[in-house]
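For reference, the structure is listed below as structure tokens.
The letters A, B, C and D name the chains in turn, as written, and every chain counts its residues from 1.
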Amino acid sequence: MSSVIGEKLRISIFGQSHSEAIGVVIDGLPAGVAIDEEELLAFMTRRAPGRGAHTTSRSEADKPRFLSGVADGFTCGSPVCAIIENTNTRSKDYSNLREIPRPGHADFTAFVKYGNFHDIRGGGHFSGRLTACLCIAGGICLQYLKTRGINIAAHALEIAGVSDRPFSPVKPEITSVLHSEPISVLDKNAGERMMEEIIKAKSDLDSVGGIVECAICGVPAGYGDPMFDGVENILSRIIFGIPAVKGIEFGAGFSAARMRGSECNDAFFMDGDAVRTKTNNHGGALGGITSGMPVIFRAAIKPTPSVARMQESVSLTERKDTPLEIVGRHDPCIVPRAVPVIEAAAAIAICDMIL
Amino acid sequence: MSSVIGEKLRISIFGQSHSEAIGVVIDGLPAGVAIDEEELLAFMTRRAPGRGAHTTSRSEADKPRFLSGVADGFTCGSPVCAIIENTNTRSKDYSNLREIPRPGHADFTAFVKYGNFHDIRGGGHFSGRLTACLCIAGGICLQYLKTRGINIAAHALEIAGVSDRPFSPVKPEITSVLHSEPISVLDKNAGERMMEEIIKAKSDLDSVGGIVECAICGVPAGYGDPMFDGVENILSRIIFGIPAVKGIEFGAGFSAARMRGSECNDAFFMDGDAVRTKTNNHGGALGGITSGMPVIFRAAIKPTPSVARMQESVSLTERKDTPLEIVGRHDPCIVPRAVPVIEAAAAIAICDMIL
Amino acid sequence: MSSVIGEKLRISIFGQSHSEAIGVVIDGLPAGVAIDEEELLAFMTRRAPGRGAHTTSRSEADKPRFLSGVADGFTCGSPVCAIIENTNTRSKDYSNLREIPRPGHADFTAFVKYGNFHDIRGGGHFSGRLTACLCIAGGICLQYLKTRGINIAAHALEIAGVSDRPFSPVKPEITSVLHSEPISVLDKNAGERMMEEIIKAKSDLDSVGGIVECAICGVPAGYGDPMFDGVENILSRIIFGIPAVKGIEFGAGFSAARMRGSECNDAFFMDGDAVRTKTNNHGGALGGITSGMPVIFRAAIKPTPSVARMQESVSLTERKDTPLEIVGRHDPCIVPRAVPVIEAAAAIAICDMIL
Amino acid sequence: MSSVIGEKLRISIFGQSHSEAIGVVIDGLPAGVAIDEEELLAFMTRRAPGRGAHTTSRSEADKPRFLSGVADGFTCGSPVCAIIENTNTRSKDYSNLREIPRPGHADFTAFVKYGNFHDIRGGGHFSGRLTACLCIAGGICLQYLKTRGINIAAHALEIAGVSDRPFSPVKPEITSVLHSEPISVLDKNAGERMMEEIIKAKSDLDSVGGIVECAICGVPAGYGDPMFDGVENILSRIIFGIPAVKGIEFGAGFSAARMRGSECNDAFFMDGDAVRTKTNNHGGALGGITSGMPVIFRAAIKPTPSVARMQESVSLTERKDTPLEIVGRHDPCIVPRAVPVIEAAAAIAICDMIL
């Protein structure tokens, strides 16, 4: 039941990197949700390889084809299925990966779990390419949420140690995210310096990681449930579904561990007739329930494990240590492309919560 | 459906701080699991108030009473229910909390969600006291996991900025955790300095937070599922069910964001006939599936929001800004007591994964 | 995960016939639902042994004790737990049942599944006594549904071949059910003849079964979902959770199999501004979605398997055919007591659907 | 979440009668399950229109196209998605159906739920055509179950009042089902008389229903869980997902309601070293758990609601009574085609139970 998530809105993702198609079924959207396919495609383009720069050689035709659930531009109430055909799946030989697992990838664990039946080509179901399916579902959710007054935006808060300006936690500058740049940032200069670091890593046959910050604005107070269905529970479960995410924190997050209570507690005040908090260390949820303040979280993205340098691995058949050199061009930093994926995953989680 | 979690092992937690009892139903344990009630009680004592020091005045009789599912010391195959009676529930007046929500607590969001029906006494269902139920279920899971060769231990990695020695990520010194100390640590001196900081905060009418590190050893490779049912997804969802947790990270976690791929990738090597990794930046899971290496994670705990200092809040009926002073003695640091709760939650998640 | 059901309203049932207590957790009720404990007790009394006549010797004190979730007579938003303490659990020797399984009971299958760990006393978790927990949860749901204009009633449509008058399928005479009689029926005379058959069976050391008909009135059109979450799917799954149910049918049910389409199709007509059907062969649901007409279903109840006659069984240890005589007094017909249980289960299912 | 079912094996069905494609995602199959596409196609042909005779004019190209999850004829461990493209979707005008709902169909309830967004063409997601997706998933499950020694077969036990010979409940003559005949029966003569009745109904511009009996042989004792995850619960929930099913019964079913306990109880005996029952009134499950005897159930199928006779309906816009005449050719009896669908649904449920 690995690739199904959600209670009221149920998402089922399928496909391998080199299967005939990848896709997603979205079950639970109400009838009458308008789907702007142009806007969806524009959103998905932010995730496509090539963005951020210098990436995998494969050209993707990521335009989703809707098989069901949409009629005349609106959801009809039955499950939406959209697929992306995998054209141009190179027939190159992947048997090496079956033999010698790539460090940092799922080759080894997939071998343990699925044996030689694992579809190793391009990473199979573990491929980052599958995040395109998250973007289809999430892109639709983002459009729906907008009609409910909820906006979600993310940016690269940090890449290779270079920091962007953070969102204002109490009033996120959502409209100021520069999505048109190669890297979605608030501060254009930071984006440029990040790009320099990415290029430097690439020339070193290496890769870099980073941190994505995401803000969800406009969720009314009172959504989410205490204990296991709170805002943090639901968001963290889906965010860790994105390959390479190694950590998540809400509001003050890990820095809260070093605060004193008097400093960490967010003072309430009346903002007109609305109860608000002066700071937002709680990150928009108290006891798992939304407070009406922006939900703010950050996700740590590890550096792309596919690096061209010689690495240490093992031969699974010969059971001995074996060096591994990964050939081909690889994306030296997936953080820029992870930004819309984080937005998409957050949108799916929020939809499930408010439907 | 807030307080139910799990697929194969389903945990349902109930109770409010001042209801007649709190408790848990554990559905899905196989028949024949031995339950050592002495060991369970010893485990639960590590969570009880008083541990760590200077805590809430309420004395708790936390001995669980098994209502069902256990016969002659073994699970019988039907759901286990255990409760803790809430004796000594003081009848003090809590109406003030309904009027003026405490910053950092769920009073406000509970009011939005449940209105005046919310059982505000002692925090209701949001009370940290409910973690005793997690400890019952988790304590049983810990005993079961031990029979499967799986051991789980946590310690206070950091409190008020004072750091304990971290677990060795490739071979956690699980047996070396000093659970007999007021604070579970690896380095006794660190524990003493932590305690000094806690006492200092208390004398300042304030509180401090920290970080708990947890290691899960002995899970064979191949458990967990890609995408949404991976090790990180399952663990993070339950860990955020513990009040005050604001972040979680696996393996290298947020520090992976600053590494290069060549540094972050864990080299495989043959350790006898077993495939292992030289480092453990991946934290025991690749593609959501266990690698056979220890699963290592850290959770950030915010400082206790109940501080005796004057705070800013609002009157929910008069709709105006209102100062708030919380009277009574409070635990200036819940991190020591959170250590066994983290172990318990991890044990529940791992049981659900391997059953 | 056997004893947990529901999506939005999640019910978790626990207990064995002779465990310390049996009970139920109800997770997902909104805050502010009024619970009339007197009315609940009156409802539960309809299920209690003694009703219908001549039943098991055990006297039950079935008054539920609320451990959580209720404050001042209203749900507070957190999970409701109610238990019934098992006082007077006789210490008689049940080892015989472990050795020689009773035909028609779950002794054999429980042995296969749980081995000697199964709590065989009184049937353990398989005991009809557990339906008291369904009645607690369902009784609360019935009270809640009434506030939403939804009424549910059942009656013994048939016992030992004696038929009661059926509900009018288009306008059920819900108020005319004679719940005060030993057997809930529409036609008092039918009830008397049923009782005669029950007494006759009892004097023959035997038992009889029957059919319960249930009507759910007032559910607005548009609830339920096509395919697997339709009205029939949800109701049938929970109704088969009641021991001894062997079949369920909706509307015309099995008799529809012998109709022609022109006869089975229910003609639509305008009833004022409402669309209604002249007949109700569809049983209130089309495509899984409520039509606004009463939801009508019937459940077949097999005769009580505990009969005093000598029966054929096997010795599980000696692996040979062995006769079995069950001693003690037994209820010769559980159908009268099953009527409120069916109402309760239906109420839980409908609540889950409309919340 | 209407069209998703299963816990360990999760099936997600999508598509409308006239959408670009219909299909199914199967999440949870282990890696290494062999899929014989020829055998699958042969199985699906038994469901295809034309079988049984004289059916809808639309010619279907029901060969499934596997988009994911299968590599070199074996499942690879990741979700399987298979679709059937909807070629030849006639562009005829369906607006009449939106205006005047067909009696016995879901047009009215879909209108209430989805408004004018409902994809009314060909019945949309409510179309019997969607059962082809059940057959894809179920056909694969049938192949997998065979490797585990489990066989499933169904036949038309009754059509228009004409009865086939029933399965022997203790030793089903599974191999003797005449699937090659237009109607799957045990008794060829019964099948011929059924066909005569179908033709007669057709010439009367009418339709007929029937009963399908299904046997599941080879499930070892001990599967299924008490209360809500028992054999009957799981099977009934999915079987009611098949359009036109109005009732289900297990073992003796409704006739058990008229038996005495001494007659209904199935005597245990030793059959070599196996515990078996002499009769099978319990239908293969006691307390929800398989007994090792065949699981036997029957499903009632109502007559096809699409009949060519003039019917009474309403105009949803003019809010007045309006006659309706459905034009075009229709299948006068879907029971023959329902036989493999019942087998498919049963296979999915059993797979979910034993995985």
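By definition in this document, a residue touches a chain if its C-beta (ideal position, glycine included) is under 8 Å from a C-beta of that chain, and two chains touch if they have at least 3 such contacts.
As the structure is a prediction and not an experimental result, all values here were calculated from the model.
The pairing of chain A with chain B is characterised as same-residue: of all residue numbers used at this interface, over half are used by both copies.
Relative to chain A, the most remote chain by averaged C-alpha coordinates is C. Chain centres here are Cα means. That of chain B falls 39 Å from that of chain C. Averaged Cα coordinates give chain C a centre that lies 27 Å from the centre of chain D. Each chain gets a centre from the mean of its Cα atoms; for chain B and chain D, those two points are 46 Å apart. Touching of two or more other chains is recorded for residues 1-4, 7, 13, 78, 110, 113, 125, 226 of chain B. Chain D meets chain B in the complex at residues 7, 78, 226.
The part of chain A that touches chain D in the complex is made up of residues 1-4, 6-10, 12-16, 19-23, 25, 27-28, 31-32, 65-69, 71, 74-81, 83, 110, 113-115, 117-119, 124-125. Interface of chain B with chain A (complex): residues 1-5, 7, 13, 101, 103-106, 108-110, 112-113, 125-126, 130, 158, 160-161, 201, 204, 206-211, 221-222, 225-230, 232-234, 236-238, 240-241, 243, 245-254, 256-270, 273, 275, 277-278, 281-283, 285-292, 300-307, 309, 311-314, 316, 319-321.
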